[in-house]
Amino acid sequence: MFNVALFGAGRIGQIHAGNIAAHPDCKLVRVVDVHQPAAETLAEKYGAQASSLEDALRDSSVNLVAICSATDTHADLIEASARAGKAIFCEKPVDLSMERVERCLATVREANVPLMVGFNRRFDPSMASLQQALSDGEVGELEFVTISSRDPGAPSADYVKTSGGLFRDMTIHDFDMARWLLQEEPVSVFASAAALIDPQIKALGDVDTAVITLTCASGKMAVITNSRRASYGYDQRIEVHGSKGMLAVANHPENSLIKSVAEGVVAQKPMHFFLQRYGDAYRQEFASLIEHLKTKTAIHPSGEDGLQALRLADAALTSLKTGRAVQL
Amino acid sequence: MFNVALFGAGRIGQIHAGNIAAHPDCKLVRVVDVHQPAAETLAEKYGAQASSLEDALRDSSVNLVAICSATDTHADLIEASARAGKAIFCEKPVDLSMERVERCLATVREANVPLMVGFNRRFDPSMASLQQALSDGEVGELEFVTISSRDPGAPSADYVKTSGGLFRDMTIHDFDMARWLLQEEPVSVFASAAALIDPQIKALGDVDTAVITLTCASGKMAVITNSRRASYGYDQRIEVHGSKGMLAVANHPENSLIKSVAEGVVAQKPMHFFLQRYGDAYRQEFASLIEHLKTKTAIHPSGEDGLQALRLADAALTSLKTGRAVQL
Amino acid sequence: MFNVALFGAGRIGQIHAGNIAAHPDCKLVRVVDVHQPAAETLAEKYGAQASSLEDALRDSSVNLVAICSATDTHADLIEASARAGKAIFCEKPVDLSMERVERCLATVREANVPLMVGFNRRFDPSMASLQQALSDGEVGELEFVTISSRDPGAPSADYVKTSGGLFRDMTIHDFDMARWLLQEEPVSVFASAAALIDPQIKALGDVDTAVITLTCASGKMAVITNSRRASYGYDQRIEVHGSKGMLAVANHPENSLIKSVAEGVVAQKPMHFFLQRYGDAYRQEFASLIEHLKTKTAIHPSGEDGLQALRLADAALTSLKTGRAVQL
Amino acid sequence: MFNVALFGAGRIGQIHAGNIAAHPDCKLVRVVDVHQPAAETLAEKYGAQASSLEDALRDSSVNLVAICSATDTHADLIEASARAGKAIFCEKPVDLSMERVERCLATVREANVPLMVGFNRRFDPSMASLQQALSDGEVGELEFVTISSRDPGAPSADYVKTSGGLFRDMTIHDFDMARWLLQEEPVSVFASAAALIDPQIKALGDVDTAVITLTCASGKMAVITNSRRASYGYDQRIEVHGSKGMLAVANHPENSLIKSVAEGVVAQKPMHFFLQRYGDAYRQEFASLIEHLKTKTAIHPSGEDGLQALRLADAALTSLKTGRAVQL
C-alpha cells in the first residue's frame, strides 16, 4: 500500500488526488498547500489530513509524494522529498533552468529514490497504442514524426510571465513525445516562431505560433507545430511515418453526434482542453508509476527525460534568436 | 465496333451519349427523340445524326440501341428493337406492369437478343467493391442487408403521377440491390410507409417515407429505408452484415474539405443527386455491357432482374394496403 | 445525503457501487447479495457493510435502494422497498411479465415512492446530445428513427433460457430509445427474425437476428435492427431523420489510433461491450436520479417507461409468431 | 474555338489530349512527339493529325499549344511558341535553371502571349474550395499552412538523375501551393532532409524525405513535409490555420467501402497517384485556361508563379547544404 502526500491542491492536484484515492493500492494521507483552506477541502474529500510540508516529509508512513505545486517550487520539493527517502511523482517541469534541473537530479540520484516526471501524454491510450504499434514494427522503420499541438486559447499574461515561454511551457510536452517516438536523441534543432495571436504575448517577448524541426544523426526527423489558440478546441494529433506506412492519433471529439443538414455534415469539436482530453492519461500515468514502484522496475518518464526535453526547448529558443539550426 | 442508336435525348440520354462516345469500342450513330431539336443538338455534339425511330431500326449498321426515353415507351421500344435484331440497353423500368414486362421479355427471348436493364448502382465502384468483398467471403456468410436511400428533394407532382409510385419508381433500385446482395429471392415482403413530406404526394395517393423488410427462406433479411427528401443531399448507403463482420458503403462528399471552427467540425455534404453520385456507375455500366457483348457472356442486370424487382415493388404495395406481410 | 443500499453485487452492481461511492451526495452503506462473500468484498471496498435484505430495508438511514440482482427478483424487491418507503433505482426489466409489472407499479404508486428504471442509454452523452438536438428542432420535425444494436457475441444458453428472449432482453433497450425519440407511442409493431448465429439459440426457440418496424398514428416510423453477434465489437448507432436533416450517433472506437498501410486505412474497432461503451452513461444515469430526487422532479425512465417498452417487446413476439403487424 | 497543338504524347500528354477533346470550345488538331508512332496513335484517337513541330507552329489555325514534353524541352518550346504568337500551356517546370526561366519569360513578355504553368493542384475541387473558403475569411486571418505531400513510391534512378532533385521536382508543387495560400512571399526558407528510402537516391546525391519551413515578413509560416514513399498511396493533405479555425483537405479514398471485422475498421487507401487523385484537377485546369483566354483575363498560375516556386526550391537546396535558413 502506498500512502501518498500530495503537494499542491490546485486544478492539477485535484486530478491526481482523485486518481490516487481511486487506485486500489494507494491511500491519500496528507495534502499540503500554501493556501491552507484548499488543502483542507481536498483532504476532507478523500479522508486525508491537511498537513504542513515538514510533517508530511517527517511522516514515515508516507512513502510517495506527488508534487503538483507551482513550477518554481518543484526542484526544492523534489530535493526535500528525496532527502526524506520518499518516492516522487512531479508534474513537469522539474525546473526552467537546466543547471537547476541537473543539480536536482544529482540529489535524487544520491538519495537513490524513484522519480517520475509528469509527461502525461505518454499514457494516453491512443498515444500509447501508437507507440506500441511503432515498437512492434507495424509500420516498419521509423522515418518521420509529425506533432500538432494547439491550445484552445492563449493563457493570461500573468501565466505567460512565469511560464518560461512557449517552448519550455507548452512545446516541452511535444519535445518529450518526439524523443519518446524517435528513440534517438535529436542532434539539430531549428525553430521558427511569431506572436500572431496575442499582443500581450508579444509585449512579453514570447511567441504563440511556432514550428520546430528536430533532426537525428540517422536522418530521422520530427516536426512540431504549435499554437496558443485553436478556436475549435484542443488540437492534439501525432503522425508517425515508417517504411511500411503511417500511424496517426486523431483528435477526440466531445461526443459522437453528427448532424447532416443543408450547411454540411457537422461533427463535434475536439474535447476542450487537457483536463478532458487527457483524463485517462492522468489515470494511467499514476497506475504506471505504482506498477513500477511495486515491481521495482525503471520508471519513465524519468528525471533524465525531463532534462532532455528542457535541453531541446532551450535549443529551440537559441535557434529562434539566432535564425540558425542549433547543433546538440 | 458497336454502332449505337440512342432513343431519348433528355437528361439521362445525354449521360449515356457521352459514355457511348467516349468508349473506344463504340460509336454513337443515331439519336432519336420525339422532340426533334433535342435529337439534333445531341447528335451534332457527337458527330451522329438525328433520326426517326424507323430509320434507326432499319439501319443494319446499328447493332446496339440505348433506350432512355419516357418509361411508358420502354416496352414497345424493346420489342421493336428486339424484332429488328438489335442488342438492347434499356433504362429501368421495363414497364410498370408485371404483365407487360413478362410479354416484353418473351419477345426478347424469342428474338434471342441481349438485353441489359439499367440498374446503374450495381456498377458504382464502391457498391461493386462491396459486392465483390461479400462474394469473396470477407465477412463470412451473409445475414443481413441494410439499404438507406433518400433523394435530396421530392419530385414534382407531374412526375409522381406517372412514376408508378414510390416503390416502383425509387425503391425498385433498392429492391435490385437487395436481390443482388442477398443472392436469394425474398419470400416475404412487409412495407410500412406514409406521406410525411409533401401534401401533393399524399393527395396523389402516394407515399414519400417508407421502410420495407424482405425475408428469405434461409432467414437472411434485408431492410430498406426510403425518403423523398434529405436536406443534406443524396443519401445512398448500404451495410451488409455477415458472420465475420460488416461491409458498408458510405456517402460520397462533394469534396474533401473539412472546416473546424467554434461551431464544430464541418465536412461537405454528400453529392447532390444521382447524376453526380453515380457518374462513374453509368460509365462502368456501359463498359460492362460492351464487355459482355464482346465476350458473348451473360449480361446482368437482365430483363429477369427487372421483372423480379418489380415483383417486389408490387408486393410492397400490396403489403402497405393490407397491413400484412406478403408471401411470394 | 443519500444513503444507498445496493441489492446485487455482480458485474452491474459493481458498476453502480463505484458510481454511488464517487457521487458527492451519496454514500454506499449496505450491500446485499445471496452470495454473502460477494457482498462482503464489495462492501469492504467502499466502506459499506454486507447486510441481509431485511436489515437493509429496516435501516431507516437508508433512503435509496439500487436493485441490481437477478431479473426474477426485481419486482419483489421493488415492492418490498416501496413498502419500506425507499426511493428505488432498478435495473431493467421490472419483470418479464406485463401483468407482474403492472401489479408492481401499482404497489409503487400506492407507496408513493420515486422509481427509476435503468435504461442507461438515455444518459450516454452522445445519445443525450442527439435527443437534445432533436428537441431543439435542429433537424426540424421528426420523421424516422433508425436504431442499430448488435452485441459483440451471443450469450450462453443458460443466459438465453432465463432472458425472456431477444425482444424482452436486448431489443427492450431499443424499444425504449425509440419511444424516447419518437415522443409518440407506436400503434403498430412488425417483427421479422431468425436464428442465424447460434444453433443453441434456435434450439431454445429464441432468435438472434431481427428487424422490427414501429409505426405511429402520425406516420412517424422507427426501425430497429438487432444481432447477437458483431465480430467488430458492440454496434450501437442511432439515426434520426427530420424535415431539415439527420442526426446520427456513431460508434465509439476503442481509441483514436489509425494505421495506414498497404492493406488499407485501419481504425480501431468500436468499444467491446456495454461496460466500456456505456461507462459514462451509468455515471450520468445515477447523477440524474440524484438530481431529480434532490429537486423532487419527475424521474425518467419511469416504471411506466419500463412497462411500455415491455408492451412493445410482447407485441414484437406476437408479430413474429403470426407473421402480421400487431396493432396496439 | 481553340485549335490546340499538343507537344508530347506521353502519359501526361494523353491526359491533356482527352481534356482538350472533351472541352466544348476546343479541338485537338495536331500532336507532336519525337517518337512519331506515339504522336500518330494519339492523334488518330481524337481525329487530329500527327505533325512536326515546325508545321504545328506555322499552322495559323493553331491558336493554343500545350507543352507536355520532357522538362529540358519546355523553355525552348515556350519561346518558339511565343514567337509564333500562340497562347501557351506548359507543364511544370518551365526549366530547372532560374536564369533560363527568366530569359524564357522575357521572351514570352516580349511576344505578349498568354502563358499558364501547369501547377494542377490549384484546380483540384477540394484544394480550390479550401482556397476559396480561406479567401472568404471563413477561418479569419491566416496564420499557418501545413502541407503533407508523399508519393506512393520512389521514382527510378533514371528519373531522379534528370529531375533536378526532390525540391525542384516534387516540392515545387508544394511551394506553389504554399505561395498560393499564404498570399505573401516567404522571406526565409529552412530545409532539413535525408535519403532514408532508396540507396540509389542517396548515391545520386538527392534526398527522399524532407521538411521545409517557410516564413513570411508578417510572421505567417508554412511547413511542408515530403516523402518519396507512402505505402498506403498518394498522400496529399493541406491544413490552413487561421484566427478563427482550421481548413483541411483530407486524402481521397479509392472508394467508400469500409470493412468492420475483428482486426479493425478498414477503409480504402488514398487514390494511388496523381493521375487518379488529380484527374478532376487536370480537367478544371484546362477549363480555367480556356475561360481566361476567352475573357482575356489574367491567367494563373503564371510564368512568374513558376519562377517564384523555383526560387523557393533553390533556396531550400541552399539551406540544406549550409544548414542555415536562407533569407530571400
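For reference, chains read A, B, C and D in written order, and residue numbers begin at 1 within each chain.
In this text, a contact is a pair of C-beta atoms (placed from the backbone, for glycine too) under 8 Å apart; a residue touches a chain by one contact, two chains touch by 3 or more.
Which protein is which chain? UniProt says A, B, C, D = Inositol 2-dehydrogenase.
Everything quoted here is computed from the prediction, not taken from an experiment.
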Discussion item. When I count C-beta pairs in contact, which pair ends up with more: A-B or B-C?
Written reply: B-C
Worksheet item: Centre-to-centre on C-alpha atoms, which chain is most distant from chain D?
Response: C
Discussion item. Quick check: how many Å separate the C-alpha centres of chain B and chain C?
Written reply: 42
Response to the item:
Between the Cα centroids of chain A and chain B the separation in whole angstrom comes to 57
Practice prompt. Going through chain B residue by residue, note those that touch at least 2 other chains and give them in order.
Written response: 230-232, 244-246, 259-262, 268
Worksheet, complete the sentence: As the complex stands, chain A meets chain D at residues 143-144, 146, 148, 150, 188, 190, 192, 194-197, 209, 211, 213, 215, 219-221, 223, 225, 227, 229-232, 235, 241, 243-246, 323-325
Worksheet, complete the sentence: Interface with chain D, chain C side, in the complex: residues 230-232, 253, 259-270
Worksheet entry | Touch list for chain D against partner chain B, complex | 22, 125-126, 129-130, 133, 138-139, 244-252, 254-262, 268
